[in-house]
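Going in written order, the chains are labelled A, B, C and D, and every chain counts its residues from 1.
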């Protein structure tokens, strides 16, 4: 049984309206107030998730934990295009990120992928994020704080083009406009045998990236897209949703070989 | 720098041929032997990954760690349809599985998804898998052992229809022919506010599952498919692969509400 | 060189604004009037398509023919879900509809597919459409008239469940909520060896339809979906559109065998 | 009721085996001979399609017309990648090809798209195909002959880069390795207001083509892909096929504006 902690982002769910209210307890002080009455937020701390709580008017809300998936989709403050969960999930598995790993990325964007990495590496792992724009850093850290994941993320306020300090990363990820300018540095930061991941929205960028990857000792190079197709949930009329995202990004993966080893692909 | 352990599955990569040899060091005793010469396997233990090793004839192989992704795709012994990485990755994120979590599943299949769960929960987490067919258990455990993940998995040799022992699972997953017969039990095993995941290959099964989910206190019900489209990696002729998997399975997700709470969806 | 006829729907294209005005010359009498000035519509009749015409203020428009595709997408008056061109085009080829053919359909919907059939069968072919709702007939005929295709379409104002008058159709198409109730009648109307097409939006309807098709002498039964993915047209940033239609309908095709011939599928 | 003509390609369908035999009556002289007995082919001429015919041993076959779709998919002799029906069907509608139209294309490939055009323009229309490779012409004409469509196709044995003779085409289609070298000529051949279609397999080719289209008076430029997803036809286990074609080609469409008219897109 998990209990609410003071730093948690929680959900108050109104079953009548089918509506969720997301509240970060350390940021939202005082009362939760709707037309159904008031609720003192400090009284939530220590309650078991799944509890039913009442407003002063007697209306009931269900207290739920906020999942990383729904935070990213619905509550993450976005200053940039984000890495969507469908892509982030596949990246995580393809880069073989595990509890305890060191992940190096650039840039931080709005922190969506950073959060996915940070949750996956666990309390003994670490994410180092290189980002040159200060407003992105501030915003991403604010998002990570609401998820309780900021403690696992170290942000370096500079361009990764100057090189990464890390030389032993379990995974490196590039989400930059011109990733081909950073692949040499990413190679240096990565453990041999482990994976570099790159995300770009356009085919032109994939083409440039592939050209650069061909010059360096990489193997198992793969380019792919992940498509998520949702369905309506009415059992009597089961069918796909009418519309879907057609494209978020192309994903590129490559595995580091030792220097001097050349392979054809 | 990671060093080879005695229980590891390693890759010997022949850069000339572009060929990978997967070897589990505790199972494959003695020599690795190809037309390029012999290599004593015990000499690999303790070497850093990324090392170059030589056969007695002087040919070189690169010593690489085996990723979970490639093990599942290329080396996992399959007695059943497996849950493919594209699906397993999304399931992991949608069920919000984290280091330290308790995940309950049924059945074990060939252990592909089990391995993904086990890697994600880390050394402090646990996966409990219910499976009634002994040959599946044997095979899945053998696969998990080669990944060094068997220590995190407890297998219960019985039908989950009798109920799960666990009452506080962070996530429950059903991969069964008739999951609707097991949803009541899954509900009992799950923490309130957390997610049930279900995988089925046919639309008929989705329809039956949705009917059953409607009878119980679940919210945030979602049905989806994940499609993975790969591209050829020639920069001068960038284009999708000619063929792709068109379907592996429909994924269904639902979040547990407290008993007695009813929502429309 | 094609010249404008009095019954045509034409496009006046404003190159400055990149805007198209669709005008049916027999319905829109008098002047075309924008802030760029007036244009007497009757003066357009007899002009070659591709001409540049001027308003009284001297602004230029390009006179273009209206294609069936763009009429359906942008100008067809819709009282119902329409059969989209991506689907209509494939239906046409799968049903092997040719100039001179007799096509029988039910219902008429808003006339989009009817128009595609009517254009394809040419002046020597014919489309017979069964429809019980009068408002649909009126609307569809109005759409067909603007395309100059109403002369090839005969509408029968009744439910196809009573049977089709035709016994020698080159193709039969059903776009109805419960097509399985009409398949016996469609079988009677169709030439042996030719194709029945059916469109339904839900998986449940496909399942019922397949059950019915199994009872009758049909072969070459196929169920499919057509997905259209558009790309942005900026050469420096070539990439798919952000969103796309995820689903319009499932298409079902079956070929009539002689009575008494049974095949497994 | 359609009767078999001497030039037809017909299908003899064996219902027991579920097997189709495709026979071109003018090419295949003499007897049709299987383990089920012999059948004099000349006796088929004049029979109504849908008839049941018997071998000398008394086994029955059903006589069926061969559809253009199945001829292209299963019987067309291929010397090149073909334009698949899913793409050909959409091209036809997007180019607004109608009975009576003049369609100009280059190259002829194996004649699949040529056949679709030829069927659609009907006996009063015409397809002119430019092709420099003689073996392609021979093969394509042989395919068209088996479909009875060769009479509507004029082949010009030369490179379209020298220009098209036609100046009034209702549609122009390019299926060439470097279509950007031919777009100027295609523009000259096309009626103003009508459509140019281009098919290329790679993103690099799309990018080059878009650059060229930007230099000329074209509007309504669109790039897309058509995906066909088939389903298994078992009503009790309705689900997509396991695999599907992931890519055949990118389709590009553009509409001719008069010379000197410039639009942004």
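Here, a contact is a pair of C-beta atoms (placed from the backbone, for glycine too) under 8 Å apart; a residue touches a chain by one contact, two chains touch by 3 or more.
Protein names from UniProt, one per chain: A, B, C, D = tRNA (adenine(58)-N(1))-methyltransferase TrmI.
As the structure is a computational prediction, the values presented were derived from the model and not from experiment.
Among the remaining chains, those touching chain C and also chain D are A, B. More C-beta pairs touch across one of A-B and B-C than the other; that pair is A-B. By the residue-number overlap criterion, the interface of chain B with chain D counts as same, with over half of its numbers used by both chains.
The distance from the centre of chain B to the centre of chain D, each centre being the mean of the chain's C-alpha atoms, comes to 45 Å. Annotation: 21 Å between the Cα-based centres of chain A and chain B.
A straight line joining the Cα centres of chain B and chain C is 47 Å long. Residue positions of chain B touching 2 or more other chains: 203-204, 206-207, 229-230, 238. Chain D contributes residues 201-204, 229-230, 236-247 to its touches with chain B in the complex. Interface residues of chain A, counted against chain B in their complex, comprise 1-2, 11, 13, 15, 18, 49-50, 52, 62-65, 67-70, 85-86, 88-90, 92-94, 96, 98-100, 116, 119-123, 168, 191-195, 203, 206-208, 210-211, 214, 219-235, 238, 250, 255-258, 261-265.
Chain B makes touch with chain C in their complex at residues 203-204, 206-207.
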